[in-house]
């Protein structure tokens, strides 16, 4: 396992490196006057030019990339041009909030999706499967904002049992006001439960049709033993990989959900940074996302190898 | 008097599919007697596997079953789910096809073995381990404790097969059903598995139903044989009777179209069975084999003949069995192109060719794998040269390298005495016309999304230089030469049979009248009757055009049938080469000898002793010093084999053997006998190193 | 049924004497309004609420619907959100109350000469800075702050307000408590200008970063400021003013402000769920939704906050006054106001002067929509076929988008096709003075001339329209030298007429400042400024 | 009667077989019916819609009435008319974006998978990096840089889809490039173009077809989301996501202007995915 991890690390580093170049280039496309952004709309042009020079935004592209990545590696992500704060702590706190939301979402998604998917897979073509499949399809096809708006309508406007805004006071942790986490987490979960349940269903059907399951049946094993001892672990391989690969989708959902509920996460930060063309925040946030995606990819590989020993040697 | 363990009466199984009812079994009646080994033989689609699963009551939800299948007076097909669970594994156990797939990839071997024992006899702990270890030893798995700690994928195909057999035996079943247990194994491993079955039967007294398309394996292992065709039993009897005196035309034809290692090339010509299996979705009218039968008469079309006893140990479903009895099994004689050494014209020559792969080894870091290690050889015009060897011998790599599809690292390739680049892209245009290839996998040799004739058409234009209506004519001509109706060109490849696809591939290869055609295991996935057909057309085209063939195969029978020259490869090196007759008559390299000995002989009367090769194929990624065969050689001399590469010694006219043992001391044990020895075709093996090679 | 707190009913006397000028009493409840020019006790009294004794303690949570932009320097604050954080910690020289009346605050007195060119500021004794070593406010601090405001490098919007009439050379320290300002031109707006949100007084030790040095004389201390999220203030023990109970203000222990943006759903949800006690600057949609809530006190204060459909007159075709006039004539002001703000807006007249808000407002007739004349004017300008143009606007607050969409629809009737370009606010405001045709929001200022000085003088920092009209400028100079309401009104009438005919924009509506609070919030009066100032507030 | 000339004809037709299978799936037919409904709505909007979509025709934020069947929005525009006209935008933009992405992605994937080597490595690293990046942020960056407009929405969605398509196509091509039929084409000296376009491309059709449908659903989904985030088509032209966006703040006053376009969008995406599902079943060889 350790060896596999080590083997994977160069790929991991390469993905991050390529991402960093892409992110840098993408944010360089933004027509932004960094100095003007930082000094505000009423600052005189000379001051803006001087600051631009001081920040090195007038240097050639390659040199700027070198500076940026060098600093980023040493932990200095620069200062937000719109918030006048060091980007590192800013991003981290928001990312923490988003992580709480993501974990809350996942803690709903996983049990529901896997159980529903398993049931559907085991009853393929019969009534429970048809019901679960249809619901899953509808859930995964409904955009987060539609789900969010409908939930708001029901729970915040009509019944008024849950807060319609998840804005947090100060640096308060979202966990301190769990009620504010409910609607965002449920919205997140509803969209993804469908997706992962469908994966699990397909995977389960595939595994149940595999020769070793038939072999197990022919050895006289009970249905329970076949499902729980033999099928589940193998059926989990695809959904687990998908869940991991799915993290960037999850992040996308989080951006929208944070916008609906005014939840102070990284998505909101990135949305406002994009609006304000706050390049350092955009770059750092994007880099963090890329890092998260690459790490989850790595984890997916390792988890897959753990679930599927065959891959441990072959996948290397 | 032996008692019937299994008693099947008029068993029909139909499967409900999208395209209608598929008739898998059309009324089968048979008994399996306690203690016997029953062989169930037939080509793909004959219903033998369905029969096997019926014995375990596992036919799937879409199966429509009629008839009874009694196991000790209890009807398996009427059992409740609980009864089935109680029966399976304990009374009837199954060893499914491709043992690798029958093992849960995510659980260690030991856990899976212990589970069987726990489920069947609630045995746990040290007691269980002891039972398992003793059984593993019984199936000749060395070091059981260590094996139990490993994952299924870490075992070789042969080990997996032994393991699955052991798992089946753990429940102490009365009946063991083995579905194609030797398919996919190399000939040496196949021989060992068959030995094991004989041992188990002797030591444990277990009743065995052996399902196989491999006539040789059946002949070697079985007491009694049933031959199936189109969901029916067409002939049944003792092995000796069936193989010596087949009374059904299908059995007879099958035996005739199997290439034989024990008969000189001049004495055999591939005899295909014309036509196809009857449509499995249609009801039968008359004898199922009538439309392909050389003996068919009008009466045959009346009804399907019943399986009737014709002697004490023999039954056949043919109204003309008596007429057939009059004709001996006698294949048509073949003819060989004799080329004397003086007028040999070289079409291709390779010198010191190296082909290497960069691989990540299973243990430790990556390495370089020499698939081909300094191989030199030359081909003469108009000759058929066969390269044989087990999987992992590098024979396919050699073919690809010559074709320019795989980079060669060192050495030289000459086509028509001209040095050519290793890369196809950088070879001159004439080489494409000069050299063509037919590929192994018939499922992918044609583009599934294009009309079947399309690629012949293109080849005719590009290589044959034809334009306009000439293209049409030439394509049609080529198709007729491989026995296909020109309209076949319009069909989708998926609508064609494997044999038809391979015949189109052959037609395509010959479109530009090449000097040299490389055939890479082109029949390995085909049934024997189809194989005979393909080889017959290949041979006729080759002879008509005077084309040279480089024929890659693991099937010594086919080699015997068509090769003028033989090259035996082991681990990327040539260990023996020479004219076919010389190689088949010896003396031989110890490896060649082992291969020849392993070929299962179909005649129960003619079983030879063979010495199993020691150990598995070594890890090809390891650096080799000395003789590559030293680890498994039954005649190993000593340190000289470990330290010094063996010399290539001449053993006669163009016959050479690479061994430290002087030619005179090498065995000349193989003499063609006039008996009926049959070698059938296992698929290209995936033993041990398949994970490393050819990914 | 809406419940409004009648903000005009509380009564207390403005305590200035000497050179009083009266603004007309047209509709303004208190009647008399003064600019302080005298020696009066000056400090606005702590409001005593009918027989109620304030309670101490508690945390006030409120939402300011303006964003909590990052806060660096009080002098460069350009949004209400951060200004509230500053306002809690630091104070202003003057204070303008809910009746638009200015009072001296950190000043003892503010006195003008006859010609309104020399102003004397006497610093109050008592206010103490919460610098590491607390010390009293003195004249040097005042000079320090004036110099900062007038320093172009700092880039304070105070510079835009003061520099037309004041140079740094005109600041004179008389003694430890007195500063005199020598103006270039007469100003009647100084007392108001000093209450501009960028005018908080910091000690002279201040180096530029308020989050590092949150120093001032205010009732609260900064606990934390999280941009775009929230800030927290806690009560100071040594604030200089006393409450009604005789003890030091403030009553509250803590104030927390939450950034909910202009998201109506968040505003509504926060108030109905008790997440906030108070919301300032409510969105119209939120206001409308909350109107049915039984447990909220809603307030609606007319303000001079407005949205302009403004052009740049140095760009074709808007350099032609006839085109600009056509753009004004296309407006159906009632429809725009009704759809954008409903009953929380009132009609504007293309002249920046909010009726009844600015005391000197001249009650001219509201211009009528006239499609035919607009078309005729366009034809005269050679644009008889109409034309197509882009109009940019910030997507927040929402009513701008609505107003812009309605207006764009109306302009189709005169043959002008407006392609709307909504922009994220940050992006919009990044280059807001550069857009050719745009719909900016202008916030409330008590006197229309203050806004005009900022945006309609050539060379003014915020002259987004490039408007330069000598006639208009001389009128503006004239009115700045006048302090008497009726005299001002006469000039206002000319200014308004000029802008309605030649001005660079259409000005369809003004907005009410909307607020909602739970009944337990006492001692807080929402103003048109929408400032959150809680020195006298308590929770019942 | 077919003649031998047809040898050189195009690939085996795929669509009829799949459509036949689609016909067997009730869910697929339901999806097709819903999509057809919206397509008709888009085509007939000028005749069916009771009012011009941008005209201020009534009082603001009204519930359904005989005059305004689905109520009015915050500007007093007819929600039904805007819904119908808005169909045009989403039904035009989503397929355009997907089509552009499929063409470019397929070209990249074909070349990268077949040629292999350094080119493939570079392309695939870039691809991995892009795929790892959350799509919505990619949209955000692109639209932040270029400004919100219909063209840029198409551009953003196409750009974000290309890597995924390229990866699918590359995967198929890599699995095919050592197959007999490709090797055989190489050995008879077919040109690169022929191998890519005639031998490989038809084999990519099945996965691409299903992928196109799934992406169509996702593009519709994305267009709605972008509209909702205020990054879609600028006002006043009706856009479902934008309608939801401007309606959210009136949720408790009148839910109609929000719920109607929200549910319409969901129904369209569900319908497309129902078809995609049925196709996926049908496309299995």
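Things worth noting here:
We call the chains A, B, C and D, going by the order they appear; numbering starts again at 1 in every chain.
By our rule, contacts are C-beta pairs under 8 Å (C-beta built on N, C-alpha and C of every residue); 3 or more make two chains touch, one makes a residue touch a chain.
Model, not experiment: these values are computed from the prediction.
C-beta contact counts were set side by side for C-D and A-B; A-B has more. Chain A has the C-alpha centroid lying closest to the overall centroid of all protein C-alpha atoms shown.
Annotation: 48 Å between the Cα-based centres of chain B and chain D. Averaged C-alpha coordinates put the centre of chain A at 50 Å from the centre of chain B.
Spacing of chain A relative to chain D, judged by their CA centroids, is 23 angstrom. For chain C, the set of residues that touch two or more other chains comprises 263, 265, 268, 424, 427. Annotation for chain A: residues 152, 274-275, 277 touch two or more other chains. Touching two or more other chains at once is no residue of chain B.
Here the touching chains pair up as A-B, A-C, A-D, B-D, C-D. Here chain B touches chain A in the complex through residues 56, 58, 84-90, 93-94, 96-98, 101-107, 115-116, 119-120, 151-154, 164, 167-168, 171, 360, 362, 691, going by the rule given at the top. If you check the complex, the residues on chain A that touch chain D are 14-15, 18-19, 22-23, 26-27, 29-31, 134, 137-138, 140-146, 149-150, 152-153, 157, 248-249, 251-253, 255-256, 259-260, 270-271, 274-275, 277, 282, 285-286, 289-290, 293-294, 297. Chain A meets chain B in the complex at residues 7, 210-212, 214-222, 225, 229-230, 233-234, 307-310, 313-314, 316.
If you check the complex, the residues on chain C that touch chain A are 61, 69-70, 72, 76, 78, 152-153, 155-157, 159-160, 224, 226-232, 256, 258-261, 263, 265-270, 272-273, 275, 424-427, 429-433, 461-462. Residues 36-37, 39-44, 47, 80, 82-85, 152, 156, 160, 163-165, 167-171, 261-262, 264, 268-269, 272, 274-277 of chain A are the ones touching chain C in the complex.
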